[in-house]
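Two complexes follow with subunit A in common, the first pairing it with subunit B and the second with subunit C.
Let's turn to the complex of A and B:
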């Protein structure tokens, strides 16, 4: 009885891990299915579906678009967030609490509502939908995050360094570029990579604000309409692989350093 | 003289804040205002006429399929929040208390690894598992637990399962963060005063982690009630949640005013819950 009680936590741990990993294992396993349907019994393995995915020009175009939008919108979010954080942390502005509130506000609104608002506005203004509108939407959702991360990491200990640089005659932009930014590098990188992962996986804004050029989640969405297929498993597994690789890079560089400090 | 410097500094600060502020204004505040105005407009034929009428909101209350969307959303979200917390709390506790310290980080990273599959793909993976000839039915049949395959795809069960899978990972993180912050002295003090393991948990640990649970549960609530993907892929069209109803307005009907009004209703519900949670947190602290 006591032994059972002691084993109970480990049993629970194993069960929950099984639940958490079940979909991923099934997804990856049946991406190697040698047959038309990704359901039991498992046949194979074959790399045929990966070959099909990699030679599918629509999917590859969507993949490229996703990278473009994720990198571009994240870079802009970090830049705007960094500038705003400098302005609000280093200078005293009237109503700075309100300004911070406005910059954070998009975080509290669901993506669907942000997308709908942008869609109605673009329609009213007669502007066409494109990857640019998707990117603009992604900056809206990532800017609050970048601003919050960078603002939170701007402490007093950097101020004296900046003052020293200023006393030595550095102009303001050089202080920011050569002193402030390098000191904030962990925060800037964390904000950037977090934005990339959010933008990379974002669906509803990309779905509503794009027309002909779509991002990967939207392309996968349209694949789902044709039902279950090992092809979808293969592309899903590839996306998972990319994300995990990104996570490992992040863990090895940014977070490990931050944790050690 | 100093006033001049101050003025220059202030102008510089505005210069730094303005790009971000402009972006937020142009692509968030303005669209939001447009949406609020649109929610008072009417669709007449293919035209959208600004009528300043409350008709969309009246329709929401009177037409049962619209109101039903909100009710279904609230029911599913409540189920998901409760089940996810009940599953995630023991997991976070075991990782924090039973797993050796140097393995905890690894255990945690493993517990949230599937988080990094694409959101759309994760829902699709659950369709694979729950479909008529999927892995779950296949296993149940071969074990002889059922004689007929169960209809699990396109049901509320499928939607809730997909959601719970996602939010267990999220909640494990927030509750774990809360648990490891507790001072070990508290536990020792409770033991010294004669409390057994269960009493310590019930009267010391659990009350102290209630804020962590609350924050995680609120996050779950917000993300769950606003999601379109999981109910659409896993729940099918048998019963629609509010985001599905909103997307339906956009589709064939192109009824922007109604979609805007429904979105604002959704936002109002989230805001109300936020106010309730904030008040609760304040009371808890005092």
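Let's turn to the complex of A and C:
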């Protein structure tokens, strides 16, 4: 009886993880399928589909686009979020509670609505759809997140260092660049990598706001329309691998540092 | 470098409350000044105004003859050593110390040389590549001092820099601060609430209370001839006795009626002009100027209530006709609790101030 009680939490844990990760495991497993369809029984393994994926120039172009959009939009989101956090944390502004609320508000709006809103705005303004518009959409969804993370980590303890820097002759932008930003590095990196992962898997905005150059999720979607194939499993596995790699980098650089302090 | 500081009629209000009320000070170049007072007396506000972090509601500050009105901290010839040191945690010591020079556009080679010089001055040259979190409190403090001095300011402002150190280290740092100040010649303005610290390091002390300057003189003058009751009480233990001026007693002396009968005081004992007959005054007597005699102004008999041996002297609480008095008995005194002793005050060390409320 006691042994059972002790085993129960472990069983629960195992079931929970199985529920979360089983689809991913199936996806990865059947990317090695030696056959035309990614369905049981498993035959193989083979690396044929990976070879095909990596030699597909359209897929590789989409992969490159995805990286470009993810890195560019995340860098911009972090920069804007940092500047907003500095302003709102360090100065008493009229209506700062309202400003904070408005900055965070896009988090509560669905991506579909944001994408539709941007689409009609761009149409009305006569701007063409491109990777730039996708990037702008990703800044819209990631800026609130970056702002929230950075703002939360701006405590009072940096204030005296900033004061010291000013006292030693630093102009305001140098105070931010040489003192505030380096001290907030863990938060800045966390915001950046989270933004990269969100932008990396984002589909709706990327789908509605792009035309000729598309990001990887959009390319995968158009492949799926022609039916299931181990090829899509292989791409999915690669995307998953990149996400895991990002997560590990985040864990190793940011959270370990934060934990040590 | 060094420069005189002139504070003229400076006030600072927070809403209705005055943190500083019409403060004026003339500080000479190269002086070590201590702003001394209890918390909330306005000493830190005054320091922040000198550093440019707070702007005065009224009045002017001149440093080296230049009006500081509207100048931000970065543009002032001052640097501040902050209470929490405020070292940059992500920079090595040499980069911390060189930061001010970097802001002044000095190339790395020159600023590293100067930073090493300053680190050497505070005895931390061998730790130049380390980060602040690897240092002890006293070492961080030295780095903060080196950083503030590296840019060669005219005036160094020190905001209770020794407050977080334990007693032994604090005494040692006081010595070092004083020695370094003598060497560099910069005007130091140091804030503290510790009266012993003030006496140990200051050329002149500014005693502050409730936003006003109570006294501004050398430690000895403030201790021996305090200009106000607050200043007398804040600079160490003091007995206060009330008395009334009766009239002149000839030969530049005044007759008073004291708590233990009539007494005569030289005019020199009064701070300011000799008061008119009928004025109430408060006599301030330091514990070491009170004792069984021989000689001196008699203040009646008293019974020793408590004794405490403090090393340099024995502190006795004596109850007499005039209420409890504190007496510093000599180290070799054989008095015991319960003994009755005669109390006499040394006349030359006695100070009479206008009574409270006048």
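Observations on the model:
Operating definition for what follows: the second predicted complex is superposed on the first by the 251 of 261 C-alpha atoms of A that agree within 3 Å, B and C clash if a C-alpha of one lies under 4 Å from a C-alpha of the other, contacts with A are read in each partner's own complex, and residues count from 1 in each chain.
Rule of thumb we're sticking to: a residue touches a chain if its C-beta (ideal position, glycine included) is under 8 Å from a C-beta of that chain, and two chains touch if they have at least 3 such contacts.
These numbers were taken from a predicted model, which means no experiment stands behind them.
Room for both subunit B and subunit C is found when the two structures are superposed via subunit A, with no clash between them.
For subunit A, the partner with contacts to more residues, out of subunit B and subunit C, is B. Legend: residue contacts after superposition of the two complexes on their common chain; A:83 is shown touching subunit B, with no touch to subunit C.
In the superposition on chain A, contact is made by A:167 with subunit C only, not with subunit B.
With both structures placed on the common chain, the touch criterion links A:179 to subunit C but leaves subunit B unconnected. In the superposed model, A:116 makes contact with subunit B only, not with subunit C. Look at A:224: by the touch rule set out above, it reaches subunit B but stays clear of subunit C. The least CA distance from subunit B to subunit C in the superposed model is 6 Å. Subunit A makes touch with subunit C in their complex at residues 160-161, 163-171, 174, 178-179, 182-183, 185. The residues of subunit B lying in touch with subunit A in their complex are 9-10, 12-17, 19-21, 23-25, 27-32, 34-35, 38, 87, 90-91, 94-95, 98-99, 109-111, 113-114, 116-122, 124-129, 131, 133-135, 138, 165, 168-169, 222, 226, 228-229, 233, 243, 246, 250, 256, 259-260, 263-264, 266-267, 270, 274.
Here subunit C touches subunit A in the complex through residues 51, 53, 72-75, 78-80, 82, 84, 86-90, 99-100, 103-104, 147-148, 151, going by the rule given at the top.
Residues of subunit A that touch subunit B in their complex: 9-10, 12-13, 16-17, 19-24, 26-27, 30, 37-41, 80-81, 83-84, 86-88, 90-93, 99, 102-103, 105-106, 108-114, 116-118, 120-121, 123-124, 136-137, 139-140, 143, 147, 172, 197, 201, 203-204, 208, 216-217, 220-221, 224, 228, 232-233, 235-236, 239-240, 243-244, 246-247, 251.
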